[in-house]
Amino acid sequence: MAASLRLRGAASGLRYWSRRQQPAAASLAAVCSRSMASKTPVGFIGLGNMGNPMAKNLMKHGYPLIIYDVFPDACKEFQDAGEQVVSSPADVAEKADRIITMLPTNNNAIEAYSGANGILKKVKKGSLLIDSSTIDPTVSKELAKEVEKMGAVFMDAPVSGGVGAARSGNLTFMVGGVEEEFAAAQELLGCMGSNVVYCGAVGTGQAAKICNNMLLAISMIGTAEAMNLGIRLGLDPKLLAKILNMSSGRCWSSDTYNPVPGVMDGVPSANNYQGGFGTTLMAKDLGLAQDSATNTKSPIPLGSQAHQIYRMMCAKGYSKKDFSSVFQFLREEENF
Amino acid sequence: MAASLRLRGAASGLRYWSRRQQPAAASLAAVCSRSMASKTPVGFIGLGNMGNPMAKNLMKHGYPLIIYDVFPDACKEFQDAGEQVVSSPADVAEKADRIITMLPTNNNAIEAYSGANGILKKVKKGSLLIDSSTIDPTVSKELAKEVEKMGAVFMDAPVSGGVGAARSGNLTFMVGGVEEEFAAAQELLGCMGSNVVYCGAVGTGQAAKICNNMLLAISMIGTAEAMNLGIRLGLDPKLLAKILNMSSGRCWSSDTYNPVPGVMDGVPSANNYQGGFGTTLMAKDLGLAQDSATNTKSPIPLGSQAHQIYRMMCAKGYSKKDFSSVFQFLREEENF
Amino acid sequence: MAASLRLRGAASGLRYWSRRQQPAAASLAAVCSRSMASKTPVGFIGLGNMGNPMAKNLMKHGYPLIIYDVFPDACKEFQDAGEQVVSSPADVAEKADRIITMLPTNNNAIEAYSGANGILKKVKKGSLLIDSSTIDPTVSKELAKEVEKMGAVFMDAPVSGGVGAARSGNLTFMVGGVEEEFAAAQELLGCMGSNVVYCGAVGTGQAAKICNNMLLAISMIGTAEAMNLGIRLGLDPKLLAKILNMSSGRCWSSDTYNPVPGVMDGVPSANNYQGGFGTTLMAKDLGLAQDSATNTKSPIPLGSQAHQIYRMMCAKGYSKKDFSSVFQFLREEENF
Amino acid sequence: MAASLRLRGAASGLRYWSRRQQPAAASLAAVCSRSMASKTPVGFIGLGNMGNPMAKNLMKHGYPLIIYDVFPDACKEFQDAGEQVVSSPADVAEKADRIITMLPTNNNAIEAYSGANGILKKVKKGSLLIDSSTIDPTVSKELAKEVEKMGAVFMDAPVSGGVGAARSGNLTFMVGGVEEEFAAAQELLGCMGSNVVYCGAVGTGQAAKICNNMLLAISMIGTAEAMNLGIRLGLDPKLLAKILNMSSGRCWSSDTYNPVPGVMDGVPSANNYQGGFGTTLMAKDLGLAQDSATNTKSPIPLGSQAHQIYRMMCAKGYSKKDFSSVFQFLREEENF
């Protein structure tokens, strides 16, 4: 799927960068290696499940790193590899003029930037600060204002693609911020992802991610409902999936990530909903969508309902299963 | 789109017939013409918006027709063209041993088959009765039982594709019934549609259509919500559509039938939501999905909500607009 | 509660009969005994959980019974008590000119009236047929038409109140049918219930019951959501219930049947949700509400959602618990 | 209604104060007048639709006021009446050690307390700061922390009852904060409301209000759906309301504030939905409920849906109508 999607994107004139569109994928690595000597250090704050493999891909491309995480253990691996570990976001800002932050919540991001030992305490003029956390776009805008006051540049660049894509360097970055700085951001983000899409002013990267994930949640639940209903009406699940996929019900959740065990291979539904994108993470993103909709007074009747369904799933023990386990949640249990 | 979808379907080993997969599209017409002389009459009951062009396509393929409609005016055109018009479904059954019915509601279908002057009053043994109405699968099953008692064969074969596809002979038929009779049904349905898909036992044609349209409604509303939210968060609609279409939010409603004016050409949203698939028809199909879900005790939280949203739209004056006008319904009105 | 409700009803000029409004409750029994000798037999079809105690109350008031149930075992108790058991609804109609039916589903009711051995096969002119089943009002109307053709009278009279109220003769009957026959119906229904309310034409008894139960389901889920949210925000559940009950959030589910364990005594939430009105029965009634709304094209966004929530609860093992267990369903489970 | 509700509250041992429970209502005014000479000034910030009549009731009870509003015009009336108007919240805090704030949004409240010229800049130790705004309980908690750092006391005390109750001094206050300070708060709040309920720690006043209004919104929409469905099924609206009110569907929205024109007098539905509690205000409170539910990960499937329905109503021109106009929103329009 990935390849064809990228081609479609390219064909449609979208202003974005894709590694695969380069003359040869290998050439980027070549370029990276060549310019290695001159590479200045990049700060990286937040070395969790996603941040860890992202930082490693920066290393592979030859960037020296200045590392910080609230959990010192998360830094050890990088220290052993020779990277410099410091003791606060402020210290990162003192030693690097390009910093990437990858944090789990609004509050973590606010603390990293505006906290007592935050980036803003020691940020240098002209620095480029890229936040890849998935947070509320209004928080991104507030951070951007504070960063701007210090004479530096802030961009929001949340990712889609999960841990697997982070490892293989195939994340998609949705980037919001001043357009002139996009090229500079691309240089770094292109080492960690295969698609870097410019979305508009600060906050629009978050907005694009939130809107996509809300639609994803809705169509996943819709696919689970339609498949379950069809099966109960006597249809074979594989046949029904094929009919949907050649018809107007077709969606990513039906043709690429089908939630019904036995319909597709290599997806979480084929593996008892292990791996993939956890229900609890989807619930978090839907909470952000809800907040944004409430703030902008936009009605999202199905988006809200999707949020509540994932909340109920979390309350009933599905937190750690892939979000496609909504099929299992809706199904009548065997013993009732 | 149609072409690529068909290819996908073909590649996946789906048991269905597609005119485009024939060695040459022209050959079918040739075969049809060749066998014209020997063609026995086909009954056609229900000459409305859909039935009219469908019947005409049968004529084009050389089938003499026996025509009936509760509104005599609907038959006139066919009478003028030399086809035989009779005064009841029973009379159709007397003169034709293959009959296609295309009716708007459960009750109309029941009346045409089991009414005082219904098909069953005079149906001949071995007749093939194909119902292309979109109705409740339990009704299809009941009709099938009654037909079987008379020694005839019933198949449900609802269509997707709308008036345009009916005219051009590009409907998709989803067929339920005894598998051995599928080839006989194909002979006729292939004159009116480019895809004829075998779905399983009687009622599964309806089931497939209902499930597809429910998922379609859900993903259309979801697309409208996501696009509206994104626009309010500052994203350009065309750009947002492109991002969704290269990401996991991708669906037919976002990439083929986008509901936001200005994003795509040649779709109802580009033409003030004229044409297309009316909100009132979508509400009807969602009512059938709801009935089927209630009967089978299948939870459809988003399907139910989609049904209610289309009901509210009908109550607020959107009945005749295309169902993608849900984008307009959710949008803040200018003057408030 | 019951007493004050009845007074309220009385005060408001509602056209209904209430035993407690008689000069003395005892007098009715007296009247019943006195006229015992002259009492003609009453037919009773359907001796399940509800029908059994209802029929016994008719016996207590001196009515000889003609009994039928599809399960012969259900009749044994009555046979032992000297009542006449027959072998079909038709036989009941042959021997009684007043018949009460109490059946679980639309199809059971249709079978009892219009089946091969149904009431209509032998119903006498002028008979009074009262259906206390909770079924689709359109089915009631169809049965009424068929009954009328035979020169008899049909009334729908569904009950509210549960098995306890059936035993104690305190059911509420909501009655639809020709107004002139209401007094005749009252004579019998007053032996089994303490409130008999005339609602209008045939089908309106069902309509009233369906509307009440839909609103009940909605406010019960709403109460559960509000109580759960308040508890998580740090409020004491008893205090919150009191605040709601003196404010505009007050409803029967908050002040008479609170779903939170520990808030009230003598309700299912105080007894692990045993007894009361089962989730599966509420789901059935919400299915009828949904069908009626779909047929009349009435939007019921929250009613539909309530239906789906009870469906999900049934799928997750709550079928037999009282419907107030939705509080438990929404609560975060301990071990997650 | 109010009187009986209060009695119920009193009977149930709820820890709250009600003027009507005093030996004689007149006595409080007497006490107030008596102690007039010794009364110290009270600060009042926010003289909008609600704040204006609330402040006037404090004046009537003999409290000199220190007034501030961002709109100087809002203060004029009070200046003319001899009250002292100052130019910032900080100035209010300098001159009064008891301050009431009544502001429309989270941000307004944050600005009034923590802004550049906020209360906290000049607040005196031991001051009592009572916030009657309806805001997010987490904001209340944060403000309380900051106030506490300055050695002062903060209580949240949102009201229910609307402009009419504000004028007549019959508001209900739901109070959160340190219990020992409740008596001091009561002294002031009792001049403006007839019920002052202690809810628990800081934030629980907001929590109680939010939970009540969420349940109110749900049961109002439910009542509108049930009444509309019943009417379409042939029931007389007045009769249906009476049946619901003597049954388990009974709620404040059905028995005290019925949304159907013609059912009750003296409610907004009897006056084309003018006056009352605006749809846009209900949407705001539901937004707060949603935020609280998202923060505490509490599922609120119907509360969320109610929020979205009020959002859609705002988008379709119902912003200024009373929130019971949801009945009109759901009804089929005449001309369709």
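Residue numbering begins at 1 within each chain, and the chains themselves are lettered A, B, C and D in the order written.
Just so it is clear, contacts are C-beta pairs under 8 Å (C-beta built on N, C-alpha and C of every residue); 3 or more make two chains touch, one makes a residue touch a chain.
Remember, predicted model here, so these are calculated numbers, not experimental data.
A.B. asks: Could you work out how many touching-chain steps separate chain B from chain D at minimum?
C.D. replies: The fewest steps needed to get from chain B to chain D is 1.
A.B. asks: When C-D is set beside B-C, which has more C-beta pairs in contact?
C.D. replies: C-D
A.B. asks: In whole angstrom, what separates the CA-based centres of chain A and chain C?
C.D. replies: Here chain A and chain C have centroids separated by 53 Å.
A.B. asks: Starting from the mean Cα coordinates of chain B and chain C, work out the distance between those two points in Å.
C.D. replies: The mean C-alpha positions of chain B and chain C differ by 41 Å.
A.B. asks: Spell out, as numbers or ranges, the residues of chain A touching 2 or more other chains.
C.D. replies: 293, 297-301, 305, 309, 312, 314-315, 330, 332
A.B. asks: Any idea which chain D residues touch chain C in the complex?
C.D. replies: 5-6, 8-9, 12, 14-15, 137, 160, 172, 174, 195, 197, 199-201, 203-204, 207-208, 210-216, 218-219, 221-223, 225-230, 232-236, 239-240, 242-254, 256-257, 289, 292-293, 296-303, 305-306, 309, 330, 332
A.B. asks: So in the complex, the part of chain A that touches chain C is made up of which residues?
C.D. replies: 301, 305, 312, 314-317, 319, 329-333, 335-336
A.B. asks: Show me the residue ranges of chain B that touch chain C in the complex, using the header's touch definition.
C.D. replies: Residues 283, 287, 290-291, 293-294, 297-301, 304-305, 307-309, 311-312, 314-315.
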